[in-house]
Structure formats: structure tokens, C-alpha cells
Amino acid sequence: MSKGIRYHQVGDKIDSYFLIKTATRGIASNGKPFLTLILGDHSGEIDAKLWGCSPDDEATFVSKSIVHLTGELGEYRGRNQLKLQSIRPTTAMDNVKLADFVRSAPLSPEDMLEQVTQYIFEMKNPNIQRITRHLLKKHQAAFLESPAATKNHHEFFSGLAYHVVSMLHISKSLSQLYPSLDTDLLYAGIILHDLGKVRELSGPIDTVYTLEGNLLGHITIMVNEIDEAAKELNIEGEEVLILQHMVLSHHGKGEWGSPKAPQIKEAELLHLIDNIDAKMNMLDRALERVQPGGFSERVMALDNRSFYKPSFHEPPLDL
Amino acid sequence: MSKGIRYHQVGDKIDSYFLIKTATRGIASNGKPFLTLILGDHSGEIDAKLWGCSPDDEATFVSKSIVHLTGELGEYRGRNQLKLQSIRPTTAMDNVKLADFVRSAPLSPEDMLEQVTQYIFEMKNPNIQRITRHLLKKHQAAFLESPAATKNHHEFFSGLAYHVVSMLHISKSLSQLYPSLDTDLLYAGIILHDLGKVRELSGPIDTVYTLEGNLLGHITIMVNEIDEAAKELNIEGEEVLILQHMVLSHHGKGEWGSPKAPQIKEAELLHLIDNIDAKMNMLDRALERVQPGGFSERVMALDNRSFYKPSFHEPPLDL
Amino acid sequence: MSKGIRYHQVGDKIDSYFLIKTATRGIASNGKPFLTLILGDHSGEIDAKLWGCSPDDEATFVSKSIVHLTGELGEYRGRNQLKLQSIRPTTAMDNVKLADFVRSAPLSPEDMLEQVTQYIFEMKNPNIQRITRHLLKKHQAAFLESPAATKNHHEFFSGLAYHVVSMLHISKSLSQLYPSLDTDLLYAGIILHDLGKVRELSGPIDTVYTLEGNLLGHITIMVNEIDEAAKELNIEGEEVLILQHMVLSHHGKGEWGSPKAPQIKEAELLHLIDNIDAKMNMLDRALERVQPGGFSERVMALDNRSFYKPSFHEPPLDL
Amino acid sequence: MSKGIRYHQVGDKIDSYFLIKTATRGIASNGKPFLTLILGDHSGEIDAKLWGCSPDDEATFVSKSIVHLTGELGEYRGRNQLKLQSIRPTTAMDNVKLADFVRSAPLSPEDMLEQVTQYIFEMKNPNIQRITRHLLKKHQAAFLESPAATKNHHEFFSGLAYHVVSMLHISKSLSQLYPSLDTDLLYAGIILHDLGKVRELSGPIDTVYTLEGNLLGHITIMVNEIDEAAKELNIEGEEVLILQHMVLSHHGKGEWGSPKAPQIKEAELLHLIDNIDAKMNMLDRALERVQPGGFSERVMALDNRSFYKPSFHEPPLDL
Amino acid sequence: MSKGIRYHQVGDKIDSYFLIKTATRGIASNGKPFLTLILGDHSGEIDAKLWGCSPDDEATFVSKSIVHLTGELGEYRGRNQLKLQSIRPTTAMDNVKLADFVRSAPLSPEDMLEQVTQYIFEMKNPNIQRITRHLLKKHQAAFLESPAATKNHHEFFSGLAYHVVSMLHISKSLSQLYPSLDTDLLYAGIILHDLGKVRELSGPIDTVYTLEGNLLGHITIMVNEIDEAAKELNIEGEEVLILQHMVLSHHGKGEWGSPKAPQIKEAELLHLIDNIDAKMNMLDRALERVQPGGFSERVMALDNRSFYKPSFHEPPLDL
Amino acid sequence: MSKGIRYHQVGDKIDSYFLIKTATRGIASNGKPFLTLILGDHSGEIDAKLWGCSPDDEATFVSKSIVHLTGELGEYRGRNQLKLQSIRPTTAMDNVKLADFVRSAPLSPEDMLEQVTQYIFEMKNPNIQRITRHLLKKHQAAFLESPAATKNHHEFFSGLAYHVVSMLHISKSLSQLYPSLDTDLLYAGIILHDLGKVRELSGPIDTVYTLEGNLLGHITIMVNEIDEAAKELNIEGEEVLILQHMVLSHHGKGEWGSPKAPQIKEAELLHLIDNIDAKMNMLDRALERVQPGGFSERVMALDNRSFYKPSFHEPPLDL
């Protein structure tokens, strides 16, 4: 794989494959139509203009298609922009696939599924185990592809699964330190807490909120699904209510989207672990290209703070 | 009906029926058991002590039973207290019934049911109509008895139904002024918005929160039930989602218990009407015994304000 | 009347009358002066540039004059802009008048005055009636023309009167549902609550705050006027103080501009009705051109929310 | 003058004059009436019970009368209480007067009036000077007696005048440091800012809020009076509006009771000086009996803070 | 060791050793002095009155002495109280020691010291390691005894060390999951973050704030000490500043006591881990005596929430 | 001295000396390098572009050098911009010095130092006096040059010293009015409160935050220095702690950067005086070019308010 658009300099020649993320038609000052393309590879995104496009072009170069390009990296109003020399659609012959063109979790979907499955396997309470397994299975394909958000943290292919796997590992360590914790509840709460995002968000590419995402949100969606799953599985114990509460309360309080604050210990801890993993992910992103002795850009979701990389730390990898 | 305990003075002889609201066992300084009774009639509540009670007494004078008492109204540490002379359980012969001993809505359950039914009858959208009718029917008995809250407003027998009927009337007037309103949505939203309270609260006497009331709350409960009702009735239109949103958002914002703020016009209005009816009910309660030219006690749920009755207003009725 | 500038498409030819709302002089990059005109008709507003304007043009095309234009609707940086071909001032011969070029209330000033007068006529308390009538009469002309705000809600010709009339109708319905309400106070409070806006705002066209609007505000202005009116009319009862309190407290609390929160029932209700009418007006505006299944633009004054029009609702009228 | 009740110890014999601040009737457990008296001298307050009081006693020992007492200082539930041995009303023969029994400003009313008058005399703007002189004269007697509050700061006889005089002195020093200040405005704003308290509060003894104090507040009252004064004096300049704004904004912002925040420099400074004098007064009160090396009680109006007296400071005077 | 006062019932005979936590002299209604003792053993606290105490008693039964008692567990105003039959001071013969009478961490000071030392040993950055070792050594004795707070969490003997050890273990697990973390910084930050409490608090028994605890607080105290340590050790690298920032920012933001929010990744994580360990400790305390299916008392420091123990969890140990 | 760039009009010829505040290299659309210069004189700032600059130019026209320019005042996108005709570096022959090109305090550094020294001389407590003198002496040069902030108030050459001198004068007047004040503490607190800014900020030209400014802040820096100074001077009294507390608490509360709120009277007053001097300085700046009857621009640091200059006030000086 080439080093990726994010690491090129202005003036570099580009000859590579890209995913079209969005394609928007405009009218130039000479009255002719053009396309504004947002192109992505595994490393990042770049804008390009396809001037004087034909109706055919408009039908070919659409969102989510993969294209081959040549051109040069230029600059326009302080932002990088790719100046196209050629562009063509790809075919099976090109041997390229979607997953190569988006930022993805560092683990493969298969590995993550295996890990989550292992945690479910370790559960001892059959009611909790059956509901969790049922809902994971129901949404398995989407769960393995979905980002965890449209922005801020884990906003990449398989981001949701990666977030869940990280939280499961944290919760396992903590349960060794705090032995009174009910790991069945904790693991189930972690696996289910954001699973409603497979219905709240439109999918891994060009992610937006769905209508039910806007009007209900992933929390309410999943609380409903737990109810339904319990009915289908003929499960009636208090576990159903407790799992619903775990999901309902995981944002911590009303202002943050949870109509009930956590009222059981494992629900409080779920909220805290969610917070840690989200923040560590944001911080790693913010600092990944900062030199030692420098400050990152401001991170809106972290109270708009800027973060310092101590001068005795390692510089970022040169890619 | 006698004038009611709320309107007696210290020193009055009492010879009347009461409902035992709560009965709590204690041990007196002489080592003997006694019962602290909270007794209610249609007008209000009074404490009494049954000293030196036998095991029989403890088994007889329990919460929710109706008793006949004689005694005198006294005072203890600045609060009225009934000094018992005699107490006995009642039988069919006494010809007394529960509904006579609790504060109730000013309309009968039958009248209110008829009015709500009429509003459902007027709906034109069959999906909205069928879901609303289904859920009302499912919870009809509890709906007609339930208070709308444990305190603050409509905290009386049939309070929930009375709150709904009042809001329906307001919404009807407003829809004449703002003709773009969808009355189907508005009426359905009003009927369903607090219906989850039949599961959130323990019932009309000595009302407390149930476990699912604490951990999920009436909003989440009813959003789940709408989902379920739609599945049972094989209804799939966008109306299901919109009705869920109406209920979900009716507290207005996160801090007040709604994980989503209203995002459709009728949902916003539902929230505003709910607010008006609750506040008018609280204000009427706060002012009902205040003399013209005087201030009410502070009302916690109205930002702890005290309200003035202008001196040119009517005095309260002498009962 | 033509269909209005708001309903034209880019590319349409325009040949119509407009009101100049503001005219601002600038210097082009070629060193010549030009005018930026904000033009309005009954449907909305449009920008236009008058390039290379003469001193005569500057003296002619001033704010609040009506002009006749020809041109074409174009676009500049994503916003519509009118490209002028000709522009001329109008004379009596053109037979056009100001009121045709501004958004206005859907009722005529005469109708609204009659309705308000009827409400005053129904008052039983002579002190309240006389003060209200006196102040309405004093400011009648301005009251019938004034907008209710510079933006957000009822920001149009006669917006203030229309807001008052709507609130009076709501209060009448509510007083039937809550019979303990003092309608004299409520009606008077509604009529007077925003009347100070005739001094706070500069009038119906190109509305800005006056100096006393900035330094005192409409609430303080009207509280002063009630005092003065009572003195002129030799009225001394508690009604004067209560009316002042109604006006003073109608924004609900300190953060919203009321130095005292409502302390009488009718004052609290006045605040709530004001809120409902303002929000319904904003929502109707926000949704009037949204297609079913779509979201409105964000509404700043409604917590920056965007509102959804359900897909089973009617599309907007095609004008 | 004796050393005052505040400086006595439990067990001391008391033989002295007191002012009855409040007298409240109660019924003892033996069924007999008694009076709870709150008694004050220049140093502080003490409770006493007059057991088995006759109807005559009830008519004699009323609020604001001065009595002569003998008794002993005791303790009840951790608070000091005076055990009465004898109590009698006073007559002209006793040669006692009200002012000796209340905490008072350290300057005499006459001195303070002279100082305020001097500041008015120094004003150069005749409009500002005439309005200020007119309103001070109108309320002169009450101004010289009134406290500045019911609690927190300057809550004593002549507290209002003393607060004003202190603020005038501060403003004079500051105007030497910041020569662009308009001292006419600043002096007038200081003299008028709290003058509405003569109508907001019930007077110097047993101070409570009046009805107009509750419903309008001293700020609105004085803004009205400035308007009225200007009309009486036929003054029409912008000074009237500016003075009203000075008074209106002196609490700084909405949450603190000012519907408009300060928008002129002298109004901002008035707010800041008011703040300094109030806090210095509260701090002196809080620390006056604290030993070096000790902490004061918590002061509610200073964010509930407790203040430390450094161990190298002087101990309080031994009285 | 006996089962402890916390697990006794009213009516039980008591014959045991206790630590006097506080001893306060009072005067009974018969005029005689008495002592109110707060007595503690390893399980909890109990009040007792020593009536009619002699001057000798007052000199003997003082705070922090250990006594032997006989008596009976009674009740006074709804709280347990020990009725003394005999009380005597202890001598070396009794073979009792302070540490047996206070709640302590579940690990021994020696074990904890060894663990913390091991973490320091693992550090690779010599500047960080030397400063941390120096300050731990300087305060080692107090560090091993000090509570972490006066209330809320880890408010027991060795609570500070136990809190630190727990956080170190959490940080070690997390650093395996987030390999970009600088464990030297993280471990040092954890060891130092609350070390200033050895000067902020008065020690393990009857803990109160010292004067410098009140006026500066443990954060400022330790930031000063790091500065001083670096000077003594002649260390000048950026590590000194970074360590000071770690301690300074560990409360997360201004409202919570940190004048600077975390600006490096490890500082943010230190804050989050501190939060988790404090909350887990509070939750374990709150739930330790709650039966399955029951709610805990409200926990002030957790937003006044009450926590539920699911009915499928284990009951508390019977002691 | 010429009238200054701030008072020139578009079209004026410029022939004058300027300080280069910042010089930033860019690449023009023709591919050639250019410099964007921010130039300042004593009155304000202006942008200029040096097109087609040579490597020599880049080395010559650097930040903090003084240049001689000719050109014309133009406008670009609504902001003034200087169109360069010639530019040359200056030499000793030009006889210009830095201090002439920056806004400065109205008093000379020598005068201010003399005044501060006099206040120190008046102190009676030797511990307070010695620490204050020691720290002032240590930082004397930087203290006399440093601004008090990067923006908002006293953001000019010697701004810090001028702020301190003003506050000392205010405190002296106030101590005459409130004689219980400890002027030693107050003067010392004022002199030291912002002294840490000499390390927090980068100096008087093109001021930015230093790394320790960002990570610790001037408050923490100076609290550390007081500790160190006391050790060097072998001072051990409580004065050290109290002075640290004065500095630590002078921002008033946590949200404003003080981890401890003021807990001694002089610390509270220090905070209040700091507030007054900062606000008066901001207001004078905001109003200095406003005409009577006009409003200033909004001032972000004063709650984004705009301030009115009464029409009966003097117009600004014509320069």
C-alpha cells in the first residue's frame, strides 16, 4: 500500500486509487457543471474538482465508488487540494476493495468477534448470557462494520467493535481489583451499550444520523430491543430490567442523554470505562502527529483543550 | 359526609371513619409496642398513636384498611395529632368504601373515560388511533385510578386521567388558534405521555416508585410499550416512531428526563401544555386556603416561590 | 400581487416593485462607489448591488423608499442575489404603498383593535379596565403597527397586536378550564405586557432598539407608565401594584429579564401563554417551507433545534 | 450603658432595660398561655419566656415596647435564654429611648445627612443635582433611619445612610485615580441606588418586606420615582434616563435582580463599589469576635465561606 | 476480635475495649458535668454519656486513649447509644493497640510500601524516579498512616496508601491497552498526586484540616514540594514542570480545585483513574450492608444517588 | 512624534518609523515568496505585505526590528492595510528606540518603582516586608517592563507595574475607610499577586504564554517563589502561609483559576480591587474613541457588553 494521501506534500505527483466519499455538483462561473469530490484512502481525505463534467461523469463518479486517479497535490486557500489529470472508474480487474480505503480499527473484524464471543462464553448467568448473545447475533454484521460515532472518537470502520473490545479488556482488569463486581452484568452492559448505533447511524461510509437516530437515539433503541429480545426468548427475571438500566444510564446523567443516572454499581462503572476509552482514543488521535515539545490542536470534545507532548517523549513515526 | 379532618380545630371531638394510610410499629420508652397511624379522609391526613397495641391490633390495623375512631384533636410539637379513645375495624355493615377516603379528581372515572374515548374517536389517522386505543384499553383500569405523581401536582385518585382530560381540552382550543396542528398526534401524545405511570407508581394509595419506575421511568416504559403495541397490531408506518418521540421528549430536555428534546411541533406543544396544566393545578392547591391579602406557603416545585392572593379577590370557601 | 421574491428560482426574470430596507454605500475594487440594497416585498428579502452609483442615486435610493426594478435572480457565494438591469423611484402614479411590502399579521389592524377593545369591555374591575383602556388609547397607533420583536417571533408589521390578540384568545379558553382565574387581570396583563415595545423599538421597518430600549427595556418602561397612568386617573387601589407586577414578572425570572418572578397566579399564567404563542409562531415560520420527511433549519431561539415534518403531513402550499 | 447582653455569660444576673422585638403567644403543655419574647439591647438579642401570662400581660408586652427586667442568663438546647424574675413596662420616668436599644451606624444621622448634602452640593450638572436633591428630601427622614437590608449587611438603624456615605467616600478616591469618571453621575447613582428601600422595607425595627417590596422591589420603585421626579421638576434631558439606568443596573445582572446589566462606565463602577462596601461590612461583622488564629462562622452571603484571622493580628476588644 | 459494635443489636450486653475518638464536656440539667464520648472499634462508632464525671475522669478519658467498658446497647432519639456500666483506662497489661480500633486498609503498610517501591523501581526516566523516590521517602511514615480524606472515600487508616496502590494497578493494566502511555509519568503522578494530604490533614485519628490544608490545600503543597525536591536533587529537566502539572491538574478543572485542567495525556488519565478508584470505594461502602433487592442510603458525593443491589446478587456476609 | 497610524485615514501618505511585531512568510499565487508584516507604533498596529521578498529581506525584516517606511494607507476586505513603497532597516543613526513603538503605561518605570518602593518602606511587619522586597528585587527588571496580560487589560509595556501602582493607591484609600485592614498584607498581596506573570508571559513585545505559563500559571509560580524566598531568608512565621494564600486566592474562585477562595479579609479585598482596576482600564480603552451619544464595540471580557457614552459627556480628544 502507498504511504497515503495524508503524508504527501504539496507538489507531489499522485497516481493511486481512492474512494469517493461524497460527490457534489456545482455550476462554475463559466456556466459549466463541475463535481466537487471528497476522496479518501486509508490515511485521510483530500478534495478535488472535476471541471466540465459530462452527464456520464456525474453518473459514474458517485459516492462510495472507487476510482483510479493521477494528478498533483496543490493548495487552495490554505487547504490541500488534488489537481486531477485523469480519473477512471475501477473494475474487478483493479482488485481493490472498500475496506482498504477507510480508516479502520487496528484489529480485524474476525478477531474482535472472537474476543467478544469469548467474553459472552464466560458469563455464568444464563439470562444475561442469552440476551447478549441473541442481540449480538441479530446485529452481528453491522456491529463489526459500524463506527462508534460520526466524529470525536472511534469514528472509523469497525470503531464500535473496537471500542467494545477495549472496554471489555479494561473491565476484566478492574474486576480483578474490585472483586465484588458482577462481570456478567459488566460485560453484557459493555457489549450492548452502544449496539443501538447500528440503527442510529447510517453505516461506516459518510456516516449520518438516521431518522430514528435523531428522534429516539441509540440508547432508547437498544432498551426497546432488550425488552423485545427477552420476550422472544421467554426470559422474565430481574436481569432484563437491570440490563435495560445499564444501557439507559450509560451516559451518566440527563444533560448527557441518560434519562436515569446509574443506580447500580456496574452501571456506574460502565459509564466510567466508556469515558476512559473514548478519551484515550481522542488523545491518541490528537497527539499522533505532534512533535515533542509541541501542542496539539484544540479538541472540542475535551473541553476545547490543547494537549502538550513533553519534549522528552518520542517523535511521531515518519511514514 | 362530615366536614373532614382538615377543617377541624384543636380540641374538637372526632367520631368518624378513616383510611389507615400507613401503620408503623415502634417501641415506647416503657418497652411496650405501639402503632403510629397515618389516617386519611377525603379532606386530608392526621397522625395518631395506638399505645400498648396487642399482636391482634398489629394484624388488624394495617395499611389500606378502613377503621372507625373516636377521639380528640390535639397537638404535639406544633403539629396536629389525634388522641384516640376508641378504634375498631369496619365491616360491610359500615357501608364505607375506599374512594370516600382519598382526595379524588373532581370528575368521575366514567365521565373521564367517556371524554378520552371521544377524543380517540375523532382521530383520522388509523395508525395513531389504533395504537392509542390499544394502549388505553390495556391499562384502562389503572389509568382511571392512578395519580399523576407522588407529590407536586395531580397527586390524587384519578389524578392521571384528570390531567389527561384537562390537557385534551386545552389542546383542542389551541388547535383552533393554530390550525396547522395535527390534532391526531397531539391527542395521542397527551393520552400516552404519562400512561407509563401506571407501571412507574405503585397505585393510588400510599404511592411510591416501583423498581422499574426507579430504574427506567415512565417515559422509557411507554416508549417500549408503543413499540410492542405496533408489533402486535402489525403497524409499520412512521407514526410509530413519531408517537414514541412524542412520549420520549415530553419533559422537554435532558435535565428534566427527556433524552431527546422535542423535534416536531406537536411534541413541543405537548410539553408546553403539560407544563401549564401541572402549574395551574399546583397554584390552585397552594392558594385554596389563603386569605385575600395573604401569601401562600412556598411551593418547592415552582422554584420555591410563595404566591400572593390580591386583596380584591374572593376569600376561600368556608367549609 | 406577484408571487413574491421568496418563491422565485435562480434564473427567473424579475420585474416588480420593492421596498428598500437598507442602503449601504461601499467602494468597489475599481475605486467607484456602489450601493448594497436590501430589498423586500411581502414575501421576503433579497440583496442587490447598484454598481457605479452617482451622487443622485445615493440620494434617491434610500431606506424606506419604494422602487421599481427589473433584473434576474442570481446567486453569489451560495446566497440568492438580484442582478439589477434597471431601477427607478416610484411616484404616486405607481399606486404602491408601504404596507404591501412588509410581512404583516394575517388580521387587519382594525379587526385586531376591535377584538382587543371587546376584551377590555368585558372587564368588571373598573380600576383595571380604566388603566388598560387609558394606556392602549395612549399608544394605539404605534401598538397597531409595531412588531413584537426585532427577530425570533412576531417580527412583522402589526406583530405586537397579533401576538396580543392570540394570547387573549388562549387566555379565554384557559379561564373556562380553570375557573378560579381572574380574567380581568389576565386580559389586562396580556394587553399591557409588551406595550412598552412601542418605545423600546424604533418602529415596523428596519427595526432597532432605541436608547431607552437599550438602557431600560420595555418592561421597566411600561411599569413606569402604569404608575403614571394611575396617578393621572386618580386610581389608588392594589390593582395598580398588581398590574405593575404582572408586567414586571412576565419574562419569568431574572436571567430572562424579569427582576421579580411571578408571585400571583395570573402572572405565572401570563408568562406561560406568552411562551406558547411565541413558540407556535416560531415553529410555524420554521416549518412553512419544509417538505414532509424533511428537517427545518436550526432555530436559535428554540435551543438551536431543528424540527422534523412527519412524512404523513401535508407538503407546503405551492405559491 | 451596661456592657450589653451579647457579652454576658450563662449564670450572670441581669437587671436591665430591653426592647421587645417580637412577642409571640403560645400554649404550654399545662394548657396555659405564655409569651415568647425576643428582647434586644444595643449589643444583641436574647430569648425569654413569660410563663402563665395574663390578658393584661399580652396587651402590655408587645413588639416595640421597652421593658425593665430582672433575671438570670440560662441555656436551653444549646442557646442562651433569659430566665425572667420580673418584668415591667417603662414610663417617661425611666428615661429610655428606642435608639438606645438597636444596633446603629457609627455616625449620627445628622453627620451623615451633612456629608451627603455636601456631595450633592458639589455636583455641576443641574439636572442630576436637582433630581437627587428632590428625592433625598422627599425621603429624608426614612433614609436616615432605614437599614440597608433585613440581613447580611448594614442591617441596622441608619444602615442605609451609612452604606451610602461609605460608598461616596470610596467613589471620591477612585475618581482621583480614574479622572475620566463623571462624579455627578456616580454620586447621584450612589445616593439613589438603594433609596427605594425606604418603601421596600418596613422600617428599622423587626424589618420585613412590604407588599410592594415583594412584588416590585426597591430597584423598580426608585426607577419609577426618578421618572416622576423629573416630571415634577420639568427636567427632560438624557440625564433622567441615565440615572434610571444607574439604579436599574446596580445589581449587575439578571440573576442578581437587575433587568439590564450596566451599560455606562459609572453604572459598572457603582455596582463594584456597592459590592466592596457590602463585603467589607460583612467581613468586619464576621470577624469582630474571632480570636487571632481562629476561623469565623460561615457567612452565607459570602459563598458560605469561613474566614481566618491571622495569628499575628490583634485580638478583639475586651468589652 | 469480637464482632464489633457495628454488628450489635439494641439490648446486647457490651464488654469490650474501645478507642475514645472525641470527649466533650457538658453540663446536665441537674447542674453536674458529664462527658459525651464518641467511641470506636474496628467496625464503627457509638456514642456514650459518662454522667456525673469527676475532674479525674475528665483528665483520664480523653481523645485517643483506649478504655475498657461494660454496658448495654440502647437507643436515644432513633440512634444507638451505649449505656455505660463501667469504664476504666487501659494499661500495658491490656495488650491493646491503636491500630486495632480504627478502620484500616485491607493491606498492611509494609505490603503497600513494597508495592509502591516496586513501581518506582520500574521507572526508566531517572529524573522522574529520583524526585518520586525522594518525596516518598521524606513523607514515608505519614504516607503509610494517612487517610485519603476526612470523609467520602478512603477515609481510614492507610487509606492514602491503599488508594495509591489501587491506582497503580489500574494504571498498569491500562498501559498495556494503550501502549503510547508514559508509565513513568503515570506512576509518579499517582504516587505524588495526593501526597500533600500528609500536610493537609491532621493524621489518621479524628481527622481535620490543618491551617495550611485550609489556606493552600494538598495540591499546592505538593507542587511546592516537587519544586523544592528538584532543587535539592539538582534536577533541571522539563520533567519537573510536567510532574508539577500532573499534580496541579489532577482534580480535572477549576471548580474541582485544579487551577489548570490536564494538558498532557497522562495527566488526563491520572484524573480519570483517581475518579474510578474513589467511586468504586464509595460504592463498595454504600452497598456493603444492603440486602439483594434493596437500595442503599443516598451517597452525597455521588450526586446524592441511592444504589440498588439486584435481587440476583449475593447478600452481605453475616458477621 | 507623528500623530500615529491609528489616527490616519485611508488615502494618507505614510513616511515614518515602525516596529515589526511579527513577520510571516507566505507564497503568492505567482509562486513567489512574500512577507506579511504586522507593524506597530505607539498608537496602534497596521498590516503590510512585502511582495517578492528576497532571502536578504527575510533575514532583515524580522520580528522586533525597527524599520523606516514610506507608503499609503489603503484598505483590503474592510481592514486598513499599508501599501509599501519603500522599506529599510534602521541604524543607530536613526536614533529610534523600542519603547517609542509600543503602547506604554502613562508613568515611567522609574516613577513606578519609586512608588512601589515607598509602599514597601511603609510596612511594619518585617517578615512581610522582607519577602516582598526580596521578590520584587529578584524580578525588578522584568516587573517594570511586563504587560499584565496578553489582551483584555493592561496589555501594554509596563502594564503590570502600572496595574500594581493603581491598586496600591486604591488600597490606601480604602484602608482609611476600613481601619481594621492590615495594610502590610494588603500592599504585599498587591505587589506579589501578578508578579508570576514575568515567568508566565514571554515579555512585552508579541506576548505569548511560556510553557510553564501554560502548565502551571502565574499564581502557582508565585506561590512557589514565596516558599523559596522564605527559605532563603530564613523566615518561618505564619506570614509566609498567609502571603501564599493571598496570591493563591486572588482570582476569587475555582472557575476563575484560584484553587482556594479568599479566606482572609485582605485576600477578599485584594480580589475586589484587582477586579475594579482591570474593569476601569478596559472601560477607558473601550470608550476612548466613542463619540457622546454612541455605543462602544462589545467588550468580550465584560460579558460581551457594549457601553454607552452619554450625550452630555465630552467627545474624545482630537489627535
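We just call them A, B, C, D, E and F in the order they show up, numbering each chain from 1.
One rule holds in what follows: a contact is a pair of C-beta atoms (placed from the backbone, for glycine too) under 8 Å apart; a residue touches a chain by one contact, two chains touch by 3 or more.
Here the structure is a predicted model, which means the values were calculated and not measured.
J.: Does A-E or E-F have the larger number of C-beta pairs in contact?
T.: Looking at contacts between chains, A-E has the larger number.
J.: Average the CA atoms of each chain to get its centre, and name the chain whose centre is farthest from that of subunit C.
T.: Between subunit C and every other chain, the largest centroid distance is to E.
J.: Whole-Å distance, subunit B centre to subunit F centre, using C-alpha means?
T.: Taking the mean C-alpha position of each chain, the two centres sit 63 Å apart.
J.: Taking the mean of the CA coordinates per chain, how far is subunit A from subunit E in Å?
T.: Chain centroid spacing, subunit A to subunit E, equals 41 Å.
J.: CA centre of subunit E versus CA centre of subunit F: separation in Å?
T.: From the centre of subunit E to the centre of subunit F is 46 Å.
J.: Which positions in subunit B are in touch with at least two other chains?
T.: Correct list: 211, 214-215, 238, 242, 253, 263, 308.
J.: Any idea which subunit A residues touch subunit E in the complex?
T.: 125, 166, 169-170, 173-174, 177-178, 180, 182, 185, 237-239, 242, 253, 261-265, 268-269, 272, 275-276, 279-280, 283-284, 287, 295, 302-303, 305-313
J.: Which part of subunit C faces subunit D closely enough to touch in the complex?
T.: It comes out as residues 211-212, 214-217, 219-220, 223-224, 227-228, 231, 238, 241-242, 244-245, 248, 253-260, 263.
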